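I've put the structures underneath this note.
You will see chain A twice below: alongside chain B first, and alongside chain C after that.
And then the complex of A and B:
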């Protein structure tokens, strides 16, 4: 493969065209094109400039990851944060440990709390129904529970369940905010390749 | 030296060079890669980020006998940021150096 300006720009455009808006892409591309032009004027060959810039694939991956994280920051959605995490994962194998593992852990935690919340919320009315039936004179099956206590307990359980669901929502928002800050830091500090110039 | 080390300080380096004078991309990259061995391609994404954050702006200026070049300039908030980060770095570096060289307690 020929390592010249045209090829570098072609790969960069190719990798970024689906993600970045045209103006932003043109702005980024113009920087690299200028870099090659000025470099040549300073007597460096295209190949040399290519090597010191790093591969266009790597450059594109980093720009793309940063862009997707910024997008997830301004428009909060599951799909946006998912894409941001995915793009950051692509920056290095070690991000399986530094990004994927914590991400899965937090998502699991949120899901578990949410399920618990629902279970509690549903258990409340069931307990209430059970107590009411008991008061109406139905024989207690399975467990015996003081019907009056049962009513209070059902209210308590449902309230706990609803609080868990509400708490989960705020926890998710908190994780989202911290996650974005962490991804930004990850991209700007952890990832990257040594220069070869 | 490891890459995290270098990338971590790249931002303050870029801000610092720009605090001294406005630069076009190649000039800035050259100024930094002269002293720090880093993949030059990562400086441009950094510049874009700084621009997004409002620390730098760009303007075009004719060059002698070539296409106009894109110059990067620190904004007021960029200048403030540069100043704070520099202070912070200087204090931190001085502490680390003192610790590494163990100037004070060598006699004890």
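And then the complex of A and C:
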């Protein structure tokens, strides 16, 4: 394979098209074209410049990961953070441990808290109804030791559920911010730009 | 013309005073937190005051009845060598269902809705002169049920088919549903204080029997087989009597083709207040 500017740019464009906007891609491509031009003016060959930059596939992966992390930072959504995590995984196998495992753990925790919240929120009104029917003397609904206590405890169960849902929302926001910061740090460590940003 | 202001309308004024605009996320969370703490405190406080909390051995760490989510409590009474039975059921208040079809080898099977000790009936079983004698009594309730004004009793009784039985049923208040068509009765005594009573003898092919039904307040419905040799005597206080398929002579109703010379079932109804429906089907 030829290791010249055209091939480098072609591979870079090929890997990044569809992920980056055209203007953004053009900017990046012109930066790398300029890098080659300046290098050649200083008497360096295309092969030398290619080796100094690294393979265009790796460069594209790093650009893509950083782009998706920044996108997730500016537009908060489950889809964006998911794509950012996937792109970061592509930077190295060890990220299966350092990125994917904590990410899945957090998602599971948030989902469990959310499900608990909904279960509590739905259970509360149901047990409240049981309390009322138990007070009316219907035997099939006698689940409480004391139906009046059941009314208050049912209200408590409902509000606990609502608090869990609200708490889950704030937890998700917190972990989103922490997650973005972690992904950025992870990318900077991998690309060797830690402390230069 | 003066524009309406919130003060012109009581409801609008109330909503205005609620000041929903000032209800921020933090306030909502604080309100929910306060409601949660207060609700649990009151709920468990009531349980503590009424003796339901701290939990006893039956209700470990839960305000729910230990048995509420479990299967009903079923007790079976073996028939043994008994040739007949004498069954007496006394219920204070609740729903009583009596039917045939107790499992093979048993003379009676009682299913109680709740396993909670305070709702368990008392059972007595003996055998005398090859007659199985079973008594089932509501122990009555006291103490911490003053928040539940009505008994949650629900008894489902099954009696052995084709075994001659003397059946005595007393219900203080509640709905009684007696489907006795598959039984063989020596005698039937039903006494109810208040509530609806349905006695269904449809399909009855057992021996002739004598029956006495005393109903205080409430409607009574009795269905008997049209082909049976039966007479029903009705003594009623207040209410209407509706009959289908009987031949009537004053307060005496007989099934079509009734023959006093043959073994006949004799049913006496004493009704205080309520409508009576008797049907020969």
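Going forward, the second predicted complex is superposed on the first by the 184 of 197 C-alpha atoms of A that agree within 3 Å, B and C clash if a C-alpha of one lies under 4 Å from a C-alpha of the other, contacts with A are read in each partner's own complex, and residues count from 1 in each chain.
Everything below uses one rule, namely that a contact is a pair of C-beta atoms (placed from the backbone, for glycine too) under 8 Å apart; a residue touches a chain by one contact, two chains touch by 3 or more.
Every value quoted in this text rests on a predicted model; they were computed, and no experiment measured them.
Undergrad: If you stack the two complexes on chain A, which partner ends up touching A:81: first (chain B), second (chain C), both, or neither?
TA: The answer is neither, since A:81 touches no partner chain.
Undergrad: Give one of first, second, both or neither to describe whether A:188 is in contact with chain B, with chain C, with both, or with none.
TA: The first partner, chain B, only.
Undergrad: According to the stated criteria, A:37 is in contact with first (chain B), second (chain C), both, or neither; which is it?
TA: Once the two structures are laid over each other on A, A:37 reaches chain B alone.
Undergrad: Which partner does A:180 contact after superposing on A: first (chain B), second (chain C), both, neither?
TA: neither
Undergrad: Check whether A:58 is in contact with chain B, with chain C, with both or with neither, and answer first, second, both or neither.
TA: Only chain B is touched by A:58; chain C is not.
Undergrad: Residues of chain A touched by chain B versus by chain C: which partner has the larger set?
TA: B
Undergrad: Scan A:68 for contacts with chain B and chain C and give back first, second, both or neither.
TA: A:68 contacts neither chain B nor chain C.
Undergrad: Show which residues of chain C lie in contact with chain A when the two form their complex.
TA: It comes out as residues 25, 28-29, 32-33, 35-36, 39-40, 42-47, 50, 52-53, 59, 63-65, 68-69, 94-95, 113-114, 144, 147-154.
Undergrad: Which bits of chain B are touching chain A when the two form their complex?
TA: Residues 3-4, 6-8, 11, 24-27, 29, 33, 37-42, 44-49, 52, 66-67, 69-70 of chain B touch chain A in their complex.
Undergrad: For the complex, which residues does chain A have touching chain C?
TA: Residues 134-140, 142-153, 155-156, 159-160, 162-163, 166.
Undergrad: Taking the complex as given, what residues does chain A use to touch chain B?
TA: 27-28, 30-32, 34-35, 37-39, 41-42, 52-56, 58-59, 62-63, 66, 70, 188-197
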